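After this come two complexes, each holding chain A, first together with chain B and then together with chain C.
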Partner chain A sequence: MTRLDLSTPLGLTLALLPEIVLSAWALVVLLVVSWRHRSAEDSRLAGWLSFAGVAVSAAALAALWVNGVTSDGLAQMVALDPFRYGVAAVALLSAGATILLSLGYLERERLLAPEYYPLVLLATAGMMFLGGAEDLIVLFLGLELMSVSVYVLAGFNRANAFSAEAALKYFLIGAFASGFLLYGIALVYGATGTTNLSLGGAQLAGKPLGLMASLGLGLLLIGFGFKVAAVPFHMWAPDVYDGSPTPVTGFMATGVKAAAFAALVRVLMETFPAAASTWQPIVAGLAIASMVLGNLVALTQRSIKRLLAYSSIAHAGYLLAAVWPGTPVGAGAVLLYLVAYSLTTLAAFGLLAWLGRNGERDVTLNDIAGLAATRPGIAFGLTVCMLSLLGFPGTFGFIGKWYIISALVAEGQYALPVIVVLTSVVSAGYYLPIVMAMYMRPAPSADRYSAVRLAPTAAGAIAVAVAAVLLFGVWPAGVLDLAGQSGRTLTQTGVPIAGP
Partner chain B sequence: MAAFVFYLFAAAAVLGAAMCVLQRNPVASAMWLMSTMFSLAAIFILLGAELIGILQVLVYVGAILVVFLFVIMLLNVARTSSDLRGPASLGATVVVAGLLVVELAALWQYTPRRLAADIAQAPAFADPARVFAAGAAARQATAAQGVVGALAAPLFQTYLVPFEVTSVLLLAAIIGAVVLAKRNI
Partner chain C sequence: MTSFLDSIGYGRWILHVLLLLPVVGVVPVLLGREAWAKWTALVVTLAEFVLSVGLWWSLIPGLGDMQLVTNAVWIREWGIAYRVGIDGISMVMVLLTTSLMPLSVLASWRYITSRERGFYALMLTLLTGLLGVFIALDMFLFYVFFEVMLIPMYFIIGVWGGTNRLYAAIKFFIYTMAGSLLMLVAIVALVWRVRAVTGQMSFSYSYLLEHASAAGAAAPWLFAAFALAFAIKVPIFPFHTWLPDAHVEAPTAGSVLLASVMLKIGTYGFLRFAVPFFPQVALSPAVSRLMVALAVIGIIYGALVALVQPDFKKLVAYSSVSHLGFVMLGIWGMTLQSVQGALMVMISHGFSTGALFLLIGMLYERRHTRLIADYGGLARVVPVFSLILTLVALSSIGLPGLNGFVGEFLVLLGSFAAYPWATGIATTGVIFAAAYLLWAIQRLIYNRLDDRENEHLRDLSFRELAVLVPLVVGIVWLGLYPRPVLTRMEPASRKFVEAVMPGSTPAATLGATAAIPGSGR
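Let's turn to the complex of A and B:
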């Protein structure tokens, strides 16, 4: 247990070390690529340098986490608690996997501009600021830093009209959502007189939520709803996920979503714990709509990439169900599910990236028929991913869903768990045909899949992710403990400042 | 003397603004905008707000205009014929300009004295005497820390983290603009 004084320069630097390392590393990589930006080799160099930056940042994060660093007094601007460390770890995991998956992919698709990797680093720094923000200003800036970088990544394949469409849609909807969020922040500031999350919660505690704070809360929920692609704010997601380069889609579906969910949980639990009766029905409504609509529409999709986009909307619904209790257990469940979902989704999009060409928009069930006969490794990996997304026992996805349901039942809520289970059963209707196509249908020709080559880096990253999904599926004790501890630190700790 | 200097710079500011709108070439427009910003900075200094005057030069002339020029050059804005001709556009222009003239005429009757009286009578959130009493709060802060200090302390101590994140955000936006607009720079 180490305490850092955030009001001193040294304390602040140490508290923000992972973010500082990552931002500074992005600048160094940019400097390097300003001299070396011609060949595929230069792009690879930038990728490996960026991966090293992620590793160093992860080491700094681990140092903070292992020493149990907390804030000396009220945390200003950034939180210092295991929940922030957990979310930052998910962001770094997502960034590291994305870099490894992109290494060969960018060369194959001829996207050789090496600015790709510094943008991934900057987006990750934004995620870490967003997920760890203890102040609404930092929260907003982190969100924008993340979003601006990801807008560019979505449109990175400039030659492809769908990629340009994805970037433009994401940008316009993202700017729209930021407007809601910013207006909500302004109203919450007006109602509480502070932008600090805990202090704001202290100001709102013990009295009915006023009109200004209610409006602020509502606008914040709409803004976050857009960012996590919850129904009815999801309409941008399928086209954006579909058009973006596939490793970027994986990055968006995991890191971006994780950071936005972390910020949502933190705002609701630190600033609005007293208003739970106001936001719980809204969150429950969003969760149910996302689970039902995401799963039902996914059933009708032919393209696997688009299917995974709708599946990610459904998973936003499961995560919102975990947000509902507003308890430490619920926060732990959100974090655990984010880890499980991120590992699985990164591996799934990673495999998809190697099964197609030109953005993988047209990979359908027919394109993976009989894959298991000639490429058993790829088929096994994709099967594990689909079963984990489905929540099959023995995979990490099952542990995640089980934890969400137990967090809900602990609060005496039974309707949401029933919907989680029922919609998961529905989701078998589109996850299992993928497995069946690979194992039970004949390949169109014997050498149909001989051209499918996984780059060694991508294969390594996917193998590690699949192994982790299986390992934590049968031996979840370690991660469960970590997630439980992280959730417990999320409470409103501020003392009211002198009010009127 | 001060009045003469004020009118000199005020005339320059209005001229610059007019020429900025009237120029066909976007680069020339930006240059005229720059002269307007310089004139405004001089007026701020005449008002005793030296820091804001200097910031005006640093931020608007130094940074924002350079970004304008960058954008113009990156996007290769061709000198296209104006699509604002035609009766509909002319009608809209007249209506908007007319509204602005009416607004200006309405503002004419608001002398500082009348404004202060109105504010004093209106039910306010804060005590108007403390906010508007000849800038007492600002004077207190500047007396204690100087003009720069009154601004610097919150910016570089309380709000240091947002300040730095903002700079990273702007950098990311610039990289993104260059990557998307011009790949072979």
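Let's turn to the complex of A and C:
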């Protein structure tokens, strides 16, 4: 345990080292690419530079985490707890994988504008601030930094009308959602007189929630609902996920979602623990709607990319179910599920990126028929991803789902876990046909997939992700412990949670 | 034998080796040459069988507790451990699995002609999954094995199956998964409820069994979730609709393992988990009446539907529904005889139905049709085949002196006191079984030889005899002298009955076995 004195500049700098490294690095890379932005080599240079930035930031993060750094002061702006480190790790993981997946992809799609990589870094810095924010203002700044960068990334394929549509839609809806969020922040500030999460929680404790605070809570939930793409605030997600370049889709589905969920958990557990009876029904409603609608609509999709988009809505539902208990176990479950889901989804979108062309919007089951015969590695990887998303034992996805069920059952809640598992059964109806198409249907022609070849960086990143999905599926003790500890620290400074 | 096993420390390593060896065997299968895959698989499965035989002598006679228990921490914080062990019931199921596995591999020798490496790798993975289910003593571990074995079977049906294989594979998968996921919620709920009472979180089977009363008011729901998972697996009417599709579309080896081993996981689940955890619920009048009624419906319905099948493989598939009905009746008969009988039916159904699927597979390899109407008069063309088919069919019918009789007789005997009417109706199932099988046999191998294509069928090859003869030996042995098997299962069965219905066991140790021909002292 190391205590940092946050009143000194040095203490502050150390506490924020991962974010500072990443932001500064993004500016350096931006400087470099303003000189060198013409050839494929320049793009690759920017990519590798950015990846190095992610690695350095991750090292700084690891140093904070391993030393168990805590602060002595209250009312800090950014949390110093393992939950923040966990979320930051997910964000960095997502960024690192996205960069590796994009390296070959951008060249293939002729999207040679190296600004792409600094934007990924800035978005990641935003995610880390959002996930670690202990103050509503920092939360909002982090959210905007992340969102604005991702708006640009979504529309990165300028020549493609769908990519432009995705960017515009994401931008308009995102601005709308930010409006809700900001209004909610203002009302919560009005009700509590502070923007600090735990101080606000102390203000709200022990008395019924007033009108202003209730309105603020409601608006915050709507804003977060948009950001995590929960039903009924999900309408933008399929089009945006579908139109964006595939590595960016993976980035949005994992990093953006993880950071938004972390912030939601923090706000609900630190500021509104006393109002659990108010927000729990709303969260449960959002969770059920997302699980049911996301899974049912995914069943009807022909395009695999769109199918995965709807499946990510369903996974937002599972995550919301994990938010419901508002307990340390629940927070741990959210974090663990985010890790499992991110690893799997990044690998899935990463593989999908190599199965089509020009945005992969039109890759259907027919385009992967018989893939296993000539490309066994890709087929195996995608199968593991599908099984993990399905929550099948032996994969990390199962451990995540099991943790969620545990967290819910521990609070005496049985309806939500039953819906989680029943909708998971529905999801087998669309994950399995992908496996079937690859293994059980004949390829249209022997050389149909001769052009399908992963770039080495992408192959490496995907192989690591798939191996991790399998490894943590069989040996989850370490990550479970980490997630459990992170969940517990979240409430140590906060007010005790209201009973179930 | 026992001293030899002790001298090599057999009990300490055998269960882990049994679980690990097939998975290790996957590596040479996948990396070796395509043509070697089946040889590697055969060697591994034979080694498994030889190794597992020692289990027969390694249990302490007369002890119904779990033995050869190992306990290694897996996820400490959640009370999850690698806990394995066996009692008489698991031991017999393990031996059933390991003995059928090499035969299934051998039966696939010429049936599987494409992607052999994948097929045999999946067979070996399946073996680990099946064995794991029978020896896991940790609910988390059990659940993992219970689900994981779906994947190899799903691929075996979906890749190497018949024309309608995709539909059959996904139906099989989704049906089973729907039940088992609800069971997962029930397992977690039970663990948390026990923790609320005792303060300790553990997925250990024995710990949960000891404290299962903590389930309290939720017990009926938890039992329902367990029962649904196992009912689909058995399958009990009306959850049986996946079975004909899966059995018919699967390649021969898949059908054999599905029928002979995987269905037993359902009934094993009732015996091991669902009933012992929640005896009050399981034995409440409403539940027991329902289960007995469904068992009897299964017996009669399965037999009637089998009667009208034009496809011999489908006929055998439906006959499984009927036979498994006897098992369910025996479990709910809740006497030592009926439970012993249920276990006997599980074993003999494994041998007889496995052999029937193997035989129809061999016929299919020759003529590429399974329709009974396409055959006739085979006795003159393939006498050895016909002889074995007749013998196996007679054992499946339950002819005294062959294995099928022992179990069904004990079930009927043991259940009669508690459910006279249901048992009476179930008895007619035996008559129906004679009807559908004898009629099918008559059309297949007697009658007139009127199809010219059937005139030049080859009789059984040496390899096919090597597959069938062990089963025939088993069928006759279990029919004439079932006592060794019954005595080895008895302590565990007795423990089950005593735990579920305290004070109800008959005093006489031989009560279960005295009535069986060839089993008297």
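Basically, the second predicted complex is superposed on the first by the 491 of 500 C-alpha atoms of A that agree within 3 Å, B and C clash if a C-alpha of one lies under 4 Å from a C-alpha of the other, contacts with A are read in each partner's own complex, and residues count from 1 in each chain.
What we mean here is this: a residue touches a chain if its C-beta (ideal position, glycine included) is under 8 Å from a C-beta of that chain, and two chains touch if they have at least 3 such contacts.
The shown structure was predicted, so the numbers you read here are calculated from the model rather than taken from an experiment.
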Partners on chain A (chain B, chain C) - clash or fit: fit
Three-chain overlay, vertex chain A: chain B-chain C angle, C-alpha, nearest 10 degrees: 160
Partner chain(s) touched by A:V421 [first = chain B, second = chain C, both, neither]: second
Which of chain B and chain C A:G96 touches, first, second, both or neither: neither
Touched partner set for A:E144, first chain B, second chain C, both or neither: first
Which superposed partner A:L30 touches (first chain B, second chain C, both, neither): first
Chain B versus chain C as contact partner of A:F156, first or second or both or neither: first
Closest approach of chain C to chain B (Cα atoms, Å): 38
Residue ranges of chain B touching chain A (in the complex, touch as defined): 158-162, 165-166, 168-169, 171-173, 175-176, 178-180, 183
Of chain C, residues touching chain A in the complex: 74-78, 115, 143-144, 147-148, 151, 154-155, 158-159, 165-166, 169-170, 173-174, 177-178, 181-182, 184-185, 188-189, 192, 218, 221
Touching residues on chain A, where the partner in the complex is chain B: 12, 16, 23, 27, 30, 76-78, 113, 115, 118-119, 122-123, 125-126, 129, 135, 137-138, 141-142, 144-145, 148-149, 151-152, 155-156, 158, 167
Chain C partner contacts - residues on chain A that touch it in the complex: 373, 387, 392-394, 402, 405-406, 409-410, 414, 417-418, 421-422, 424-425, 428-429, 432-433, 436, 439-441, 476-477, 480-481, 484
